[in-house]
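The same chain A turns up in both complexes below, where it pairs with chain B and then with chain C.
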Partner chain A sequence: MKQINYIIVSILFSAIFVVLYLSLGNEKIYDTEDLVGKKIPEVEINLFENSGVLNTKEFTNNEFTILNFWASWCAPCRKEHPNLVRLSKITNLKMVGINFKDDKSNAKNFLQENGNPFDILAKDKLGKKSVNFGIYGIPETILIDSELKILKKYIGPLNIKDVNEIRKIVKK
Partner chain B sequence: MLSNLGNTFVIVALLISFLLVFFSFKEFKTNNNLIPVKIYKISLLQLFFTASSFIILLLAYVLSDFSLANVYENSHTNKPLFYKISGTWGNHEGSLLLWINILVLFSSLFLFINKNNDKDFKILTLLFQNILVIIFLIFLLSNSNPFSKLFPIPLEGLGLNPILQDPALAIHPPLLYVGFVGSSIYFSAALAALISKIDSQSLAISIKPWVLISWFFQTVGILVGSIWAYYELGWGGYWFWDPVENSSLMPWFVMTALLHSILVLERKIGLYSWVIILSILTFTMSVTGTFLVRSGILNSVHTFASDPSRGLFILSFLILMVFFSIYVFFKFAPFENKKYSIFSKETFIIANNWFMIFFLGVVLIGTLYPVFLDTITGSKISVGPPYYNLILAPFLIPLLFLMTSGPNYKWISNETKSFFNFVLVLSVILFLITFFIVKESSFLLNLILFFSIYLITQTLFDFYESFKKRNVNISRIISHLGFGLLIFFIYINHIFSLENNFNLKLGEVKKTNNYVIKFNNLEEQSIKNYKSIIGHFNISNKKTLRSQELKPEIRLYDKPVIITYEASIDSNLFSDTYLTMSNISETDVFNIKFQIKPFMNFIWFSVLLLSLGGILNFFKRKKNETN
Partner chain C sequence: MKKKIFLLLFFLITFESYGYENLDNKIFKNLRCLVCQGQTVHDSNSEFALTIKSVVKDKISEGKNEKEIYDFLSEKYGDWILLNPPLKKSSYLLWFLPYFLFVLGIIFLFFLLKKPKIRP
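After this line comes the complex of A and B, so read on.
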């Protein structure tokens, strides 16, 4: 019995140490770059105004779709907002805003103050749905095509260079 | 100069440690009954040289001697003296030197003041402890030398991360190290006990004071870390289940289990092997925690700059340590077969142990799971508070119950007691009163509330009863009371906390719940090593008509360039008002985080009580001995 315990304990610890050793060589920086080129998953998100839901499958009807994750409490979101308004002028690009962990009235005020660039407005009150899109901070913006493939992923606020890049991609 | 001196002292300390190991080993084989004076002298010498090397490093920081790379990287001439001193251990190399100092200090203290006179046991403990010292000294010299020289000598240093420039954080690492590293001495003693085959009572008496000391420092260290997180991080929380916090909590669970088991062992009722396992496990957990923090395999808010070679060294040490312990344990541990009566104190203490080990398991899995998953499958996840709350909260209920009833059972006996008594009725009434004030609907939370109240009332009642009989177990009463109050106030704080995030321009007013927040003024100041933007806010409570002035700050440090957000906290006895502001670039709007945090001071106080109970036991022990 003692012998068996001895072997079991030793094997258990060996396994743990092997994994810890391997983990030393791992890349520590979390990166969602490799999501580019992959399809977004099928997810249902609640709409902002009413109790309806938005299914990501619906984006297949659009030539291009922008998914922007934002919140009224997020400082850089305010900064990038004029750029979203610029993008909303592009005709073959649907703008979907996903309001992230926000207070409804604050979010409304935000849009009233800064303009509403979104064709569809959805909300992710708990921030859990956004995980499916590889979101780990806001603002983040994803550009997808009609096959739901991610063409571009912007982490942090969109700048004017990004706007021009999106314009170019959409025009092709 | 200081660099050479420091290096010399460290090398001499290493040589002396080898000498100590050599003599201890030689001594172990002799039939002498006493440890020769020579060994005592060498031990003192070792203490002198390690302490001197630490003082040299401290001096280098105070004098801002930038010929030491370590000082250059972590200090600056403009820094206040207090933070120059705390900068000594605010980095990997310096803290490693502090770690070694504590190892050596405990080694000497054990040799000089330990009451147990079994020579073999003592000399073996010394042997193992000094093998640890040697390993860490080699690590220091080969990989993490705080005395490394820099040439040409820079005129100015890079500065200490401003987030670490905080009084609480300055004393937080030394406190935790005494806890972490203090556990090394009973690790060494446990191995020595197995080989020298001392009896259970001697083992209990030998390690009890060391367990109490390390447990006390660990508890206070965790408390100070929490207070720092609350005041400095500006998030309004005090515990985040951050992997680094978990690393300090894991050894704490084992220490707490050990503390209770020793009570059983003292009375020769068993648990010999179990105490040995716990002693080994405590230090193993401490080293594991150190490995996780220093190797950088965890992503956390407060890790040191990571370096894989460090990780590899600590991991190699951990492997060596664990397998050596396993070998010694299976070769020497005696076979026990004790029968316990179900309704006796030991049963409750053993139950406490299982709970502690369960908590340890939950936290260990939560901390390691992301690392394992990442390594094995490559997918990144993070385990957060919901996991811990979901799994740990229900188990608090039986734990609180056991803490309430356990202490009133007698050792070994098997008498059963009726649970319906005055205290229970009183607790139910108190619970109902609280319930109608709080009106919380969650069944689980209500159970936790009830059992925390039950523990508090029962403990107070026990105090009254035992006071009448002039036989008060004051340390148990205070610790258990502290724990009951802690859970109670965490619950109240959780229920009544209020948080609101919004944007505000200068001169604007925000109304939220019962509060009106007015942004009155904005002021700029230049202070020694940073520039500060201070917001003046007036917060008035519509209900109580009380009004408060709060001044949150945004600080721009120049060395190194870092922006920090300083929360402004108006703390009174029952409630904290917590305000942080952050600027939104290119606009005149500020983002405001407004929080009401009730009973924070009571949470800190409860943990203080908890730790006080532990240290009182230490003094009680001393008193008993002199009698």
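After this line comes the complex of A and C, so read on.
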């Protein structure tokens, strides 16, 4: 009987040890990988310059569309901006910038200083529209196809490796 | 008479807003702030938490119920945003392992405390 008790206790302790050991190596960082392959929702976003609205349905006219969420107050956005300018030279890729919780004049100055890579510029003054795209911080970039399907979602500033990856995807 | 009407209105308005406030807070407390270290949306004042609070309030005023709001947010941010994960195939172990261990513990204690039969 004593032997059975020892076996049960050692199995329990081993199981707890294994679970804790595996959890140590499992760094839980939130990502939105689950969104890849899903369609972006139909949302209306205010245009940056005038009172017009941009409907995400309109992206079906483009072969590929980049949705970039940015702000002038965001330092990583400044860092990624040259890469957005690089992407803007790809002909079958429409660049849509969504200015996030920003001051209009600051955003304008930012684009004047760093260049404007966007074909369409929209704004999300309160940040509520961005929730529909699973945005939780900026910069974030979403690459979609003409069926509005998310092909890639980048959290954080785009680097040259990401630019090359996007180039490859849109060339196929 | 005027006093009674005034009191009735006062209580109606107070309880009405109390009910809404409770639902807000209940939802905020069950949402994880994705940019914070172990904080709920309720406890955090980060930009993300403030936006989510505002979106939840909008959804409530649109007439959405608690489940619909959780469904909307978990569709956008995954189940990770919910502090109380839903019962799914992938979370069976999470939900049932404690019960299994509890039963196992009872069986273990039963055998441990069982008095040996006294032989004549």
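We take it that the second predicted complex is superposed on the first by the 142 of 172 C-alpha atoms of A that agree within 3 Å, B and C clash if a C-alpha of one lies under 4 Å from a C-alpha of the other, contacts with A are read in each partner's own complex, and residues count from 1 in each chain.
We adopt the following convention: contacts are C-beta pairs under 8 Å (C-beta built on N, C-alpha and C of every residue); 3 or more make two chains touch, one makes a residue touch a chain.
The structure presented is a predicted model; accordingly, all values stated were derived computationally and were not measured.
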First (chain B), second (chain C), both or neither touched by A:Asn92: neither
Contacts of A:Ser23 with chain B and chain C, given as first, second, both or neither: first
Touching partner for A:Asn106 - first (chain B), second (chain C), both, neither: first
Which of chain B and chain C A:Ala75 touches, first, second, both or neither: first
Touching partner for A:Gly137 - first (chain B), second (chain C), both, neither: second
First (chain B), second (chain C), both or neither touched by A:Asn5: both
First, second, both or neither for A:Phe13, with chain B first and chain C second: first
Touched partner set for A:Lys128, first chain B, second chain C, both or neither: second
Chain B/chain C common contact set on chain A: 5, 28, 30
Of all residues in chain A, those that touch chain B in their complex: 2, 5-6, 9-10, 13, 17, 19-26, 28, 30, 72-73, 75-76, 78-79, 103, 106
For the chain C and chain A complex, residues of the former touching the latter: 34-35, 47-48, 51-52, 54-55, 58, 73, 76-78, 80, 104, 108, 111-112
List of chain A residues in touch with chain C within their complex: 1, 4-5, 8, 12, 28, 30, 32, 34-35, 101, 126-128, 130-134, 136-137
Parts of chain B lying in touch with chain A, wherever the complex brings them together: 291, 295-297, 299, 306, 308, 311-312, 315, 318-319, 322-323, 326, 330, 371-372, 374-376, 380, 501-503, 582-587, 589, 591
